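Chain naming follows the written order as A, B and C, and within any one chain the residues start at number 1.
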Amino acid sequence: MVEPILRIENLYKNFGDVEVLKGVSLTVEEGEVVVIIGPSGTGKSTLLRCINYLTVPDSGDIYFEGRKIEYKQDNLSIVRQKIGMVFQEFNLFNHLTALQNVAIGPSKVKKINKTKALELAEKELLRVGLQDKADHYPAELSGGQKQRVAIARALAMDPKILLFDEPTSALDPELTGEVLMVMKDLALDGMTMMVVSHEMGFAREVSDKIIFLEGGVVSEMGSPEKIFNNPDKERTLEFVSKITRLGPIDSSRGGSDI
Amino acid sequence: MREQIAFFVSIFPALWEGLIVSLKLSAGALILGFTIGLPMALARTYGKGIVKKIAIAYIETIRGTPMVVQLFIIYFGLPDLGILIDRIPAAIIALGINSSAYQAEYFRGAIQSIDSGQMMAAEALGMTKKQAVRHIILPQALRIVLPPWSNEVIYMVKYTSVAFLIAVPELMARGKMIISWTFKPLEVLFWVGVIYVIVLSIIAKIVDLVELKISIPGFQMSREDHY
Amino acid sequence: MGLNGKAGEVFKSIPYILQGLEVTLKVTILALIIGAALGLILALMRVYGGGFCSRISVFYSRIIRSLPLIVILFGLYYLGADILDLSAYTAVILALSVHTAAYQSEIFRGAIQSISIGQMEAALALGMSKFQCIFSIILPQALRRAIPYWSNEAAIVLKDSSLAYVLGIAELLRRGEYVSARTTMPLLTYTIVGVIYFILTFVLSRGLFFVERKLSIPE
């Protein structure tokens, strides 16, 4: 049996008195696209942040490429280089152009020489269709463009898995399509992805597995067919149909865009 | 009026020399203030335990006491410990230490105004905290700090006049000297004031030009927004 | 504690130094009050005064903020001595007031301009006069917002009052100098003066912070 690229066992995280994660376990296989859905405040973002230790879990184990990540001993930098992350608020570096944003990781973290890093960055910008915006600063880009640059920035580190934390929630509805398109292309290229999102069209069409997180635990997980059509739990069906009806972006449109 | 101008011309060379001293003092103080202030800001923002406490104590002590008192402690007081410092270096050290505390607070304010997502994104790329501060936080903070920092430049040029109290021959001291020769205090002070106003306007203009020159989209601010 | 003679002398002189407190505090408080009144008028002139008034206010603020306090102090002192017959003490209060007024006008202006235009529009829509709008809607909000900056300025005025020293007024620093000359212990004496100022600015800042919290409204 092939070891999954990511295995999370019994993850717990409290913030003060609030228990956010209460024993989350899941696996992600190489090449898989996993979409995490669930009500707000249920720890979806916290779960993603625990994977690359931007948030340090209270207990539980995370195995990446078959090796347990040891918070105290491991060089987190090396782990994080292999786990790309895309944020809801983009978090592009405001003082750098699009190209420099993409190049800074390879040049400062991987210590690739600057010319090579810039060449690499150009390639990644091309991949997200923004080669013509290379010299623009974040303040000069639309939300959708910012998010695509952020994806290119993560890709430039040549990650083994990409984490997306509600990548389209901060975008105006008409700008989500371009970001979802890029994400879909990545999925088709075989990129392993873990996506927190309520873009049901994307989940239905692109994902291999949907995880329904509620109350700090994995309430149900399964293929999109199962989750959408005949989930085990009444509650899952209720949530999915509510999101599909009222979701931030209605799924029929998301679906046709992709 | 013509008389006034003739008078100005006669005292100008002495005032000019004083102005040069004032500008040198402020440049020295600003550089010293930056050199101490930036590490203090980093220690106060990112330091832990004793390092952070020392930075806070330093900054708050300096900001809680008048600059003249600091100047007197350094120039008149330190000789009690066998440390003798000449007037001009003493003035630069006193002004520089004073400025460092204020600069530290400007830097700290700028650093804290940067969205926490910037640090998070840098760490997610695999940067260490040190790398993130150096490559991501500081380049932005130094841009944000420019408007309040340029006000500090103006403050320093004005506050060098305090050095006159330890007989440093800066602009104010020259003015006082000329007053004692000419017995025309109001005329002399008027021209001293005019020189300050002109010089500070020029400095303000230069600062604005520098800001414009290094501004990048998303970082526009103006000196006038800070007081 | 075994104090040697000279240090003992300095410590015994602390009450003498503290007598300067009265002058320091009087000068500071009066300057702050006059400066606040003048500063507020200048700020209103600047924001609502229209062309001429606004320009006067800008001019005043630019010029005063370009002059070192010492120049203003000597200027008013000589002006007082030559023409107006002011005491050095009055000259100090006036100089500090004139100086802080310029900075306070900028503080008040910033605070007034930070109140959204919608507030003024809503008040006008209710039928208030512009005057009523300013005094019953804008200023109550703006002045609250100005408090943190204003308390910063208050601490600056307190510290700047030490420059009254140059006109020979027996405030804290000048008394410190006398003690230092008598005991030949400048380091200890000026450190004590520094500690007194530190306590004063600390108490002032804390006090104003308390006021700020008392007056705060949910935003």
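The rule is simple: a residue touches a chain if its C-beta (ideal position, glycine included) is under 8 Å from a C-beta of that chain, and two chains touch if they have at least 3 such contacts.
Being a predicted model, the structure only gives us computed values, none of them experimental.
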Topology of the chain contact graph, where touching chains are joined (line, ring, star, complete, other): line
Chain nearest the global centroid, as defined over all protein CA atoms shown: B
Inter-centroid spacing, chain C versus chain B (mean Cα positions, whole Å): 20
Rounded Å distance between chain A and chain C, as computed from the means of their C-alpha atoms: 54
Chain A-chain B separation of Cα centroids, rounded to whole Å: 46
Chain A-touching residues of chain B, taken from the complex the two chains share: 115, 117-118, 120-128, 131, 135-136, 139-140, 143, 216-219
Partner chain B, residues of chain A touching it in the complex: 52, 54, 76-81, 83-85, 87, 89-95, 104-105, 108-110, 136-140, 150, 153-154, 157
Residues of chain B that touch chain C when the two form their complex: 61, 63-70, 72-73, 76-81, 154, 158-162, 164-165, 172, 175-176, 185-186, 189-190, 192-193, 196-197, 200-201, 225, 227
Residues of chain C defined as touching chain B within the complex: 62-63, 65-71, 74-75, 78-79, 82, 103, 106-107, 110, 149, 155, 159-160, 162-163, 165-166, 173, 176-177, 180, 185-191, 193-194, 197-198, 201-202
